[in-house]
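Next come two complexes built around chain A: one with chain B, the other with chain C.
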Partner chain A sequence: MSSVKTKRDVLGTSSLRPDGGAKVKGDFAFTSDLHAENMLWGATLRSPHPHARIISIDTTAAWKIAGVECVVTADDVPGQLTYGLISSDQPVFAKDVVRYMGEPIAAVAADHPETCRRALAAITVVYEVLPVLFDPELAIGDDFEPIHPEGNLIRQQRIVHGDTSVVGDVIVEGHYVIGMQDQAFLGTESALALPDADGQGVEVFVATQWLHEDQKQMAACLNLPTERVRLVLGGVGGAFGAREDISLQVHTALLALRTSRPVKMQYGREESFFGHVHRHPATVWMRHHATNEGKIVKIEARFVFDGGAYASTSAAVLINGVTHTQGPYKCPVAVVDGYAVRTNNPPCGAMRGFGVVQACFAHEGQMDKLAAAVGTDPVSIRLMNAMETGDLLITGQPVESVAPVARLIRETNEIPLPPDLAMDANELELPGGSGITAERKHIKRGIGWGVSIKNIMYSEGFDDYSTARCTLSDGKVVLKFATSEVGQGFVTLAPQIARSVLGVTDAVCDTIDTQIGSAGSTSASRQTWMSGGAVDGACRLVRERLFEVVGAQHNIEPIRFAIEDDEIVDTAGTFRMSVIEASQGITISETFEHHHRPTEELDENGQGNCHVAFAFVAHRAVVDVDPELGLVKVVQIATAQDVGQVLNPLSVLGQIEGGIAQGLGLAVMEEIIVQEGRVRNPSFTDYLLPTALDAPVVVARMIEEYEQQAPLGAKGVGEPPCISVTPAIVAAIRDAIGKDIDRCPVRPQDICL
Partner chain B sequence: MSTNEFYSLKVNGVDHHVSDAWIGESLLYVLRERLGLPGSKGACEQGECGSCTVFIDGAAVCSCLVMAASAVESEIATVEGLNADGTLTDVQEAFVTEGAVQCGFCTPGLVMAVHHLLDENDSPSELEVKEALSGNICRCTGYGRIFAAVDKVVAVRKGALS
Partner chain C sequence: MPVLIAHTISEATEILAENPDATILNGGTDLMVEVNFNHRHPSSVLLLRNVPQLREWSIDSSQQTITIGAGVPYAAMETGAIAAAVPALAQAARTVGSPQIRAAGTMGGNLGTCSPAGDTLPVLSALEATIHLSSQDGERIVPFGEFMVGPKKNSRLQHEIITAVTLPITGRRQGYSKVGVRNAMVISVASACFAVVDDTPRLAMGSVGPTILRAVKAEKFLTEATTNLNIISDEIAREFGQIASTEARPIDDHRSTAQYRAHAIKVLASRLAVRGTAS
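On to the complex of A and B.
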């Protein structure tokens, strides 16, 4: 073995972001920073009503405003009138009826954003207001007239598993409510569309999670061949699920094609709240049966996910919810009913955690109730029931992934608790913080637990493959893929893979666009596994060809070669040559598609191997609560996360800390308030996000147990951090004040009234 | 959408002529759309998120809340002005090395806020750091690596002095 001569940013190191320098200087081009010569601005007219019939739309006055170049409505959509990720049920523009507050009705293109605003104000729409379906329970069954041709029930799924006649010695039951959370990425929706000179195609720079899915849906609506809708990833200011669905893509491209000029659209914050799907609000009932010791023998559950006006990914969110009913615990018997329904509330779809957040909030509340009922503690009840590799899920699927649940709980439990709150603590450390409302003497401390299981990759038979190309030339590697970089750091990881596999130092990422096969979506904690697998596969193919070239030159069997640091070495001889030297004057390029193993659809009893793999995490929360004012300060989050293999410690830590902050938001701060279909707080003044003062101390352990199924041994780490931290915080609040709280976010009135 | 009015803004020490602007345009809009300085970001339009933080006469402000035409007599400093010599500042360097950057949308505003904090207070307590940065929302990082970046700059600056 040669000693390492150079420190290279290979797998396992905290390689730094290649875009970090540009981002700290303000040089990085987010989509909203893009400009084009002769560019127009686009804007969208939205419905003020959650449910209304459109009697007429008059755009005459808008057309007459100086500077207005185009006004489009549903009548101007050249292709398919609807789009959607799973079901094409959402109109590009509402034509006859609007089904949610904020639904697009028309779009304008003009010379200035202010001209756009005036043009929108000049469009006259006459509505006949209709009764609003805002109660999800009324959407189940025939209690409310269908608000959409596809009906009010988006999907129903039942799970029946094991001998359902079993009754436990101990039975605990709970009703749980999860509020509507917003992804609240900082960079709002934005796109710049450039029409082709012949008017038969368009190039669109867009902030999205899945370029090829956007391309497919846009081409259908624009009635263009797919290859004439070329997408390029503009800089993305966060995503968290909110960029999976079409928002302004079709509108922007349509305006550009109609005006033959570049058009840029960018939502403001208020519009962004109406412009993308949110986390499903849900109600979950669970009843756990257990032995006198506390071992789970059966779980009964009922889920209702409010999908809002259009389907988006509701059908998949529902499946994630119901199939994660048991949490990371052994459970031999289950009866679960789940419903995803259509209402006139805001459309809901993907957000980090994707249905599992809702299930976890309920099953973790249940575990604490069970601990209390059998007279044990939150840690013991979880250890007693902890899932292991090989256990069967309630879907009948065996858990083949590494499943170190008991270890995660133990390691989290080993993390020292924070010191007590000092009697003379600074007011900023008290609940309520700079509001300076709480008094130290009233503060009570609580500790709570949350543990979760999360499927990674797409489920139910969907082949969400990823494609990558590796090109080696003169010791340098260029990687090409369509994987959306939304901040998670795939552009850091991909070159690390190339350096490890090929022994190069100089590895860069090419433009991320649709000029290569799909990478699938940056969601479901899947890109490290899927696109990481594709990059790894492409680099390995290049390595094979390089070995063949060098073997032919030096008369050595290629199979004898290996990469050692930055050299090709003959493992059965003395030959060694640097990769840089070996690749001088040649170019080797290979493309690889990574597919995960096939999955199955569920049958009518919810049985089937529907998921690919699973990741686990444990959280312990410590909170301080002012019971009289209903204020909460999250003091510390201890966590141990099942990561498979750590490929970049700094990136993993960033995902853990960031996910915890979002889970904290859902626990105590973040909720879109919807009253009879109307959104009441679409702004950062009224929708509260965690700030630096709300951030708890995070003590994290990364638990490394190599995942054999994963191409790099690594599990996705994006979603788990935000899932069980929410129930852990709520459990800590319950512990502090001794009161049952069944909803998140926890509001002051839930504590003090 | 224009008027015959024109005015000048002094940004990063350079006078910029602004013509044909609508008088209602915010400083953020004029910096980004008229002066070719898109480093300051807009994310909330109401002074809640700090992404658009600039200095006006040395004070850190949200440029989305300032009418551009009202800043004519002032010295305006933006994130683009931090790198006149092409190298990263210590704060920028620490943001990169400590993992304080993910999507990066909040980053320019946070870099400005950290510079402002450390210009006023060279050894802030943990609470002083949190309070000073509480007007800048980051949705990706959970703030942990941002605090680490601030700690690093403070440590390095102290080391350089001693």
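On to the complex of A and C.
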């Protein structure tokens, strides 16, 4: 028996990503790197108009080009003509009408991307341009002809809670505007489809967030049995919500089935901007009523989310928005009206924060207004109203999760402020950066706060379970699941769980595909909880079986066994045996499905226990502003995040730093500019993402209060970092310049003109 | 697509004379982007990277000028002797793109593209640089003001190669500033170069008109309002900026608004007017 224990990457350690080295060295195969023998390339023809009737489509000339193997349009879709996550309202190819700029009309397969390009150019589409519905307010009433058979209103939800006749001593009000953010993942949409030899099925390697949902929608459109559409996760270069919806999946598979050859599709950056949904631009009105001291007594609000041309997840985004109106604060009374509408703008759907980002930008603006109105400071007003476990939400749902809101605020407040900007600060440290636009004397510093609550897992009665299988053999564990690894680190965490539960060292993940039950989506900060719970459950079942085997061999009651480090020990005796030895020559395999507790739908007054659990975070931003030029440099973000239990500190920190960068982008630069339905900046030249010079120093504290509901005590940590950092930065800008700003991203002209 | 490789300037002009359709490739940081986006389909390419002469620079101390080869990358201008001779050019070079872009990108390419947002161009305008063009017919030297004739338009003839740029070494105050909505790697929303040349102030403005604009009224105002260009009051600087902003001809687009651009010029000009003075 070994006496020196090797360090094992169990839960709680900063185990490194199994694919980290390959990614750093450029060896990792992203989906776009895949290649198959005899492969064709696919490409998509898209509408140049935001709204037009299709009079005719002529593909004859495209078919005649040498090297073109196939051209498909709506007429070639063998199954259901539409798809969608919640409502199946989006055509695989537009047939009679196009409803947004960039909507797919046809696809081609050819021997080379350049041949594809020429084939697309050879397709003649005659359009009759229609009036464009670009103002979401016009979509609410009957003022504009329905642009879709399902109407212009995607969903409306009211929340009425408590004695609404209450009036506060102090009332503050604000109108807030949130711009359209893009997920801007670095690996653009890509898929490789391989047709089965009999032509009755297809295997598709794809970068996605939810293999089984894609499979279901694809099978319906392709008119194939689900099991004949086999999906394998290709290497994913980021997701952030943009891979929840179908993009090129059906097109690629259809072309492969039609040509009986492998087909690969891959969007370029510009096409990617048209190929996936974005964060909903929104307008939010809020009116807070409070006592003279500043305690909230009522909130009134109105939300309008612009869903763009198709429903995607707009209905769920809306519910997230309205149910998070109060933020992480106590609120006894509320009247909220929310609308998710259809327009001829780009379709919007899931993005990190999912509706809560918009609500948070508004409620945090309100908290600062309230603090000013009652003559207190941003920290005191938030502490005074901080939510606690057991409080009722405005939906009537009790908060059963750990809710350390006051502690998060206090701990964030304890983080030292950065030093003052030195009189001889390097020009690169000043707002304006390498443009050398300012000197030290032009700069003003501001501090701002943002605190948020975010639901985790899916809501409104949806059972988003996850499945995993654990196989132990000869001291080695293989884990099988369909959990999309999009960069969040489940492939790091799953083996950590197995090592902790089973005492093994050697634990690896099998191919991620549809050859096992669904894992649900890698979204809603849910995979550590859901798939973590599934892996944990499967490993525990295997452990039980192993104890039975060893118990039978050594005549010990299995119940007496426990895993201690890498050994099975008899807790009531002296027997010890290494797991490696105990599992020699045997194979134990168990599958487990983890379900979270059920949730309910909301009633017409928005009442109901619709969410599973909540996570909280506080952010304090320090920014330097050049008030005259309107330029900003975010200096430091201090944050304390409610994480439940830290399972991998490095992974958590990665989520915190990345989320903050993304929230910073929404605060000061990231916006898809849409004018009358047309996207004006579909490139990384003009859609600006933060660079290293824009990224602030992040000082993070992970607040560990074990979450009893969670299988591993851990809350999801993916979304919270990006939610309240945006209002914190905008508040810091307001603080620096002493001027009200009600929109994000904040543009230079919003500051100085 | 044939790639024609030149090793000397005369070889390059010869190739260009024989292949009038050839597209010149320097660092490729503009051209390759356009090719990738399918905006340009060159039938053949003339590669200049192997012409050592284009990557050289020299100082003429009797004339007090510096001549910089069209193939000198930005990275070489950021520090060292070029930066000491023309500090505003070093500042402009530092604002271009990212380290990768500055390692490859050149002033020849900036002039070839001639975008109103090109970062070296306001410096060339303010310092009244001259552009050297070579062809089989010989060499032509064109003042910058006559070289850039419109947005992405210059007076280079199809068979000419931009070989170098000559700038004065003034030994006086000069500076470049660029406003973008990100702290690095961003296309300018408004930019300005201020320089004192022959004891007169010069101000050139980028991204606020179809070409680089000289703020002649503002320059005249400052000349008349001051006796010593090293002592400029805040009030005069403000007025200088104010006048300059009226000379800008900005537009609204997806990057910014005309109003903000004019405002930014006002601020940049007044700050540059006093930057580096004792005040």
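Miscellaneous remarks
By our rule, the second predicted complex is superposed on the first by the 749 of 753 C-alpha atoms of A that agree within 3 Å, B and C clash if a C-alpha of one lies under 4 Å from a C-alpha of the other, contacts with A are read in each partner's own complex, and residues count from 1 in each chain.
Operating definition for what follows: a residue touches a chain if its C-beta (ideal position, glycine included) is under 8 Å from a C-beta of that chain, and two chains touch if they have at least 3 such contacts.
Model, not experiment: these values are computed from the prediction.
When both complexes are overlaid on chain A, the residue A:531 reaches neither chain B nor chain C.
After overlaying the two complexes on the shared chain, residue contacts for A:434 are found with chain B and with chain C alike.
More chain A residues lie in contact with B than with the other chain of the pair chain B and chain C.
Of the two partner chains placed by the overlay, neither chain B nor chain C lies in contact with A:452.
Legend: residue contacts after superposition of the two complexes on their common chain; A:583 is shown touching neither chain B nor chain C. By the document's definition of touching, both partners, chain B and chain C, reach A:685. Applying the stated contact rule after C-alpha superposition, one finds that A:659 touches chain B and leaves chain C untouched. Residue contacts after overlaying the shared chain place A:47 against neither chain B nor chain C. Of the two partner chains, both chain B and chain C are touched by A:693. Chain A residues in contact with chain B (one complex) as well as with chain C (other complex) are 428, 434, 685, 690-693. Interface residues of chain C facing chain A in the complex, by the touch rule stated above, are 37-38, 91, 94-95, 98, 175-189, 191, 253-257, 259-260, 263-264, 267-268, 271, 275. Within the complex formed with chain B, the chain A residues making contact are 14, 16-17, 19-21, 23-30, 32-33, 67, 110-115, 184-188, 235-240, 268-269, 426, 428-429, 434, 486-489, 650-651, 653-654, 657-662, 683-685, 689-693, 695, 698.
Considering their complex, residues 1, 22, 24, 29, 32, 38-46, 48-49, 51, 78-80, 82-83, 88, 91-93, 95-97, 99, 101-108, 111, 127, 129-131, 133-147 of chain B touch chain A.
Those residues of chain A that touch chain C in the shared complex are 117, 270, 428, 431-439, 442, 628-631, 633, 668-669, 673, 675, 680-681, 685-686, 688, 690-694, 747-749, 752-753.
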